[in-house]
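In the two complexes below, chain A is the common chain; its partner is chain B in one and chain C in the other.
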Partner chain A sequence: MILQIIISGITMGCIYAMVGFGFALVFNSSQIMNFAQGEFLMLGAMMHYTGTVVLKLPFIVSLFLSLVTIALVAVLIEALAINPLRKKGASIVMMVCSFISFSIIFKNLAEVIWGKYPLVIQGFFSQEIFNLGNSSIQSQSVAVIGAAVVSMFLLWYFFSKTMFGMALVASAFNPKMAHLCGVNVRGMIITSFILSGASSALAGVVVGPISFVSSFIGFDLGIKGFCAAAIGGMGSPVGAIIGGLLLGLLEAVLGVYISTAYSTIMAFIILLVVLYVRPQGILGVSSR
Partner chain B sequence: MLEVKNIETAYDQVRVLKGVSMSVKKGEVVTLIGNNGAGKTTLINAISGILKPKAGSIEFEGKEIAKVAPHKITRMGIVQVPEGRPIFGNYTVLQNLRMGSYPVYRKISKDELKNDFEFVYGLFPEVKDRLDQKAGSLSGGQQQMLAIGMALMSHPILLLLDEPSLGLAPILVDRIFETLEVLKQKGLTILLVEQNANLALSFADRGYVLDLGKVVMEGDCKVLKGSKEVREAYLGLVGKAC
Partner chain C sequence: MLKKLSIAALVVFLGIWPMFTTNPYYVHTAVMIGIMVILAVGLNLLFGYTGQISLAHATFYAIGAYATSLLEVHAGLSFWVTTPIAIIFAVIVAIFIGIPTLKLKDHYLALATLALCLVTTLFLLNAKWLTNGAEGVMGIQAPTIFGYPLQGVALYYFVALFTLIIFIMIRNLVNSRVGIALETIRENEEAAESLGVNVLYYKVMVFAISGALAAFAGSIYAHLTLFVSPESFALPLSIEVLVIIVVGGLASMAGSVVGAVVITLLPEFLYEFEEYRLLVYGVILLLVVIFAPKGIVGLFSSFVGFVRGKLGGEKVSEPEEAAEREQV
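After this line comes the complex of A and B, so read on.
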């Protein structure tokens, strides 16, 4: 029983972490919270539904198409929601408003295209549940955890081992210096949108079989991802992972012993507690 | 090599540079001196492409660069060491040097890259001893050395230095300028912005005096150093013989 709770907690934690990671990436490169992040996840899941169910493409092809499409959507968002405002010298608050507008547009557009009712997508494994001791584990959990570990590893490798990744982080630290080191800072911002879009779309594809797919999962999971990023310390990718796992585990435990009805409320109470104790988040750097 | 013609810049509505022209020839060391607010930093930021001039032209090796993006200008070989603490504080010293090589690392061989590192280590042994330390934890002088080292890793054709002596103890200023002397002897073209006019005029071949966004004097450093106006306004030597 306890194993079952832990695994389901880690599973949802991985999803929150992947979305939170997207928040952290965009925040790092542009100092803006992308409230359309959750919609990337929702659109990723929807595209995968279209790919596998409507077009009957093989799983891998559909997954690939979904990641590429959402990465493009993310680039479009940067070009339409952020760059024009930045050029006009708009404040961060206005850019957040712009993101929120896009998030609502996406949600409603998805409702028009895919309908109001939850859709079912296939998991990675054909068998739905397997037994481990006396606990039964959802097989999709393995896919979720696997996807999270692989994508996190790739991103870690990219950021700490490649010159390109280092340059991306450097342009977030100090854009002027990055320019002077020959780094194309705008290109780096676009790259972080691509990575944040693709990682959230992957989260959508793997969470779909667990949560069902509908136009409103973007808001729900997006806001939890935001929570994860804020708990971990806005702008810290590792913090977002820790925040996500913490949130997933606490939610699973509280869900069993109190009620799942309180899960979103709990997420925000946890966020508030972390902010009261450590306003910069677990791994965040204090602005003072 | 560098030809700046009549450039004008403005922050909001305030004009900073009001038609500045200047040039730097290959192998030359040129200095810009002037008081705070004269527009020295603005001018080199315009050359680096960080700030786009409202009017005028900037030519580098025959190409117009006034509208070129800053990262492309760096890749063309105009490398700036900005004032203050121009390093990535969260990165280690080694990572900073690697960032310095960013504009060229794909174009050069591993051996060349290794030589670049050895060259910088030779100039600044202080930096070599602290490769794994966070750059933000270095002293001001060490940070300035690292910043110059990073610029050298970028294979500069024209090195722009903004106030390298700012906030440093005299002994460190000497240390920095000894190294710059080595680079000068090697034939590197340098444009130096300095508030310490005495130091700048002793080091450079030719100089421009900027005041309120205009070039008010220019010429050979020896001549500038001897002129009454410069001595009174910038060297703080009123009436004294040289």
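After this line comes the complex of A and C, so read on.
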């Protein structure tokens, strides 16, 4: 029983972590909070539904298609709104407003395209549940945790072992300095949008079989991703992972022993307490 | 002169138009516009003038609606007693929430107020012992004035009068020394602090004023529909008010009114596209943010400036110019 709770907590924690990670990535490179991050997840899951159920593509092809599409959507946001606003020197709150409008647009566009009713997408494994000791575990959990570990490893490798990744870290750390050293800062922002779009889309594809897919999940899971990123430390990818796992475990435990409604309230209250007491998050270093 | 005449004409029009209509839906929509103007003026004071984004506006709207209707249904108090209680309660909540929250800036403030808004909705849905959950509160009575029920056209006149009073009060506030302090806080907090402006004090004060206005609007809403349920006070409402002030014009009194009229009437014109309504909202907000960050009012005044420039060198009379400056 305990094992079952822990695994389901870690599963949701991985989803929050992947969203929060994408969120931290964009925040790092451009100091902008992408309030439409959750919609990337929703669109990713929807595209995967279209790929596997409507177009009947093989799993891997559909997954790839979904990641590429969402990465393009993320680039589109950067090109249509963020870059013009940055050039104009618009205030941060105007960028927040632009993300809020993208979030409204995506959610309602998805409702128009895919309908209001929850869709079912197939998991990676055919068998739904397997038993471990005396607890039954959703096989999709393994896919979620696997996807999270693999994507985190790839991103870690990219950031710490490749020249391009290090340039991205540098331009996040100090855009002016990186620019002087010949780093294309705009290119780095675009790259971070691509990576954050793709990682959120991956989260959507793996969470789909667990939570069903509807136009609402983007907001629900996105807000938890924000919580994860803010709890762990805004702009700190490792913090986002820790924050996500903490949040997932906490929700699972409170959900079983108290009630699911109050576990969601607790998530937001913890977020508020972290913001009030330590706005830079557990691992964050930057000032508020 | 022209401006004064047009304002007088507008007031007369707002005063007499209900006499020429028999359609209660028009009156209902007009009251909704009044409610939205009150909400927008409050949020514009907070966000437009002082630069503090808030997605928690729906929370105070909910406080106004739920406090008045619960006190009326359970304690049998009248509208005239419950509304001041709700407003005072909203101010107290705003001060308690505002002190820690308004120390945060930009994104963090948006995130914290977003969380507050979501907590409020979850509370309204789950605290069934108090709010009756998703089923909402029923049995609210229309308020009476001298034994005459405040409904329909009477409610319209009541709301129109109070909207006007609130508009003038807030306009005087932003044109006073306090208004200058608020705009200084928006432009540069450190500079404001070094000039002797107590930044947190002013922020919390403005948050409390906007909360009080939202609570008043919520009380009117509860007595317009005579029924309250959580979904009227959720995040979409906060976003709608935000859209109103961004589309109308930030830091502009006229902007709040223009935005409220446009955004409230828009669904009526998009009636056939009911399911695309929110999509259209999103697109409009995005276009305004990118192409017209000063909103409709900003577009209008730059259009006026453009026309005057084309006419070339024509001397503009002093008071009109002053009025123009005041509007911007």
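The rule is short, and it goes like this: the second predicted complex is superposed on the first by the 283 of 288 C-alpha atoms of A that agree within 3 Å, B and C clash if a C-alpha of one lies under 4 Å from a C-alpha of the other, contacts with A are read in each partner's own complex, and residues count from 1 in each chain.
Heads up, the rule we're going with is that contacts are C-beta pairs under 8 Å (C-beta built on N, C-alpha and C of every residue); 3 or more make two chains touch, one makes a residue touch a chain.
None of the values given here were measured: they were computed from a predicted structure.
Of the two partner chains, neither chain B nor chain C is touched by A:Leu254. By the touch criterion defined above, A:Ala17 reaches neither chain B nor chain C. Touch criterion met: A:Ala167 reaches chain B, while chain C stays clear of it.
Judged by the number of chain A residues each one touches, C leads among chain B and chain C. In the superposition on chain A, contact is made by A:Tyr262 with chain C only, not with chain B.
Of the two partner chains placed by superposition, only chain B is touched by A:Leu180; chain C is not. In the superposition on chain A, A:Ile241 makes contact with neither chain B nor chain C. Residue ranges of chain A in contact with chain C, taken from their complex: 27, 32-33, 35, 80-81, 84-85, 88, 90-94, 96-98, 100-105, 107-109, 111-112, 223, 226-227, 230, 234, 261-262, 264-265, 268-269, 271-272, 275-276, 279, 288.
Interface residues of chain C facing chain A in the complex, by the touch rule stated above, are 47, 51, 53, 100-101, 103-108, 110-112, 114-116, 118-119, 122-123, 125-126, 239, 242, 246, 275-276, 278-279, 281-283, 285-286, 289-290, 293. On chain B, the positions that touch chain A within their shared complex are 48-50, 69-71, 74-75, 79-82, 86-91, 95, 98-100, 102-103, 105, 150, 154.
Partner chain B is touched in their complex by these residues of chain A: 163, 166-167, 170, 173-174, 176-185.
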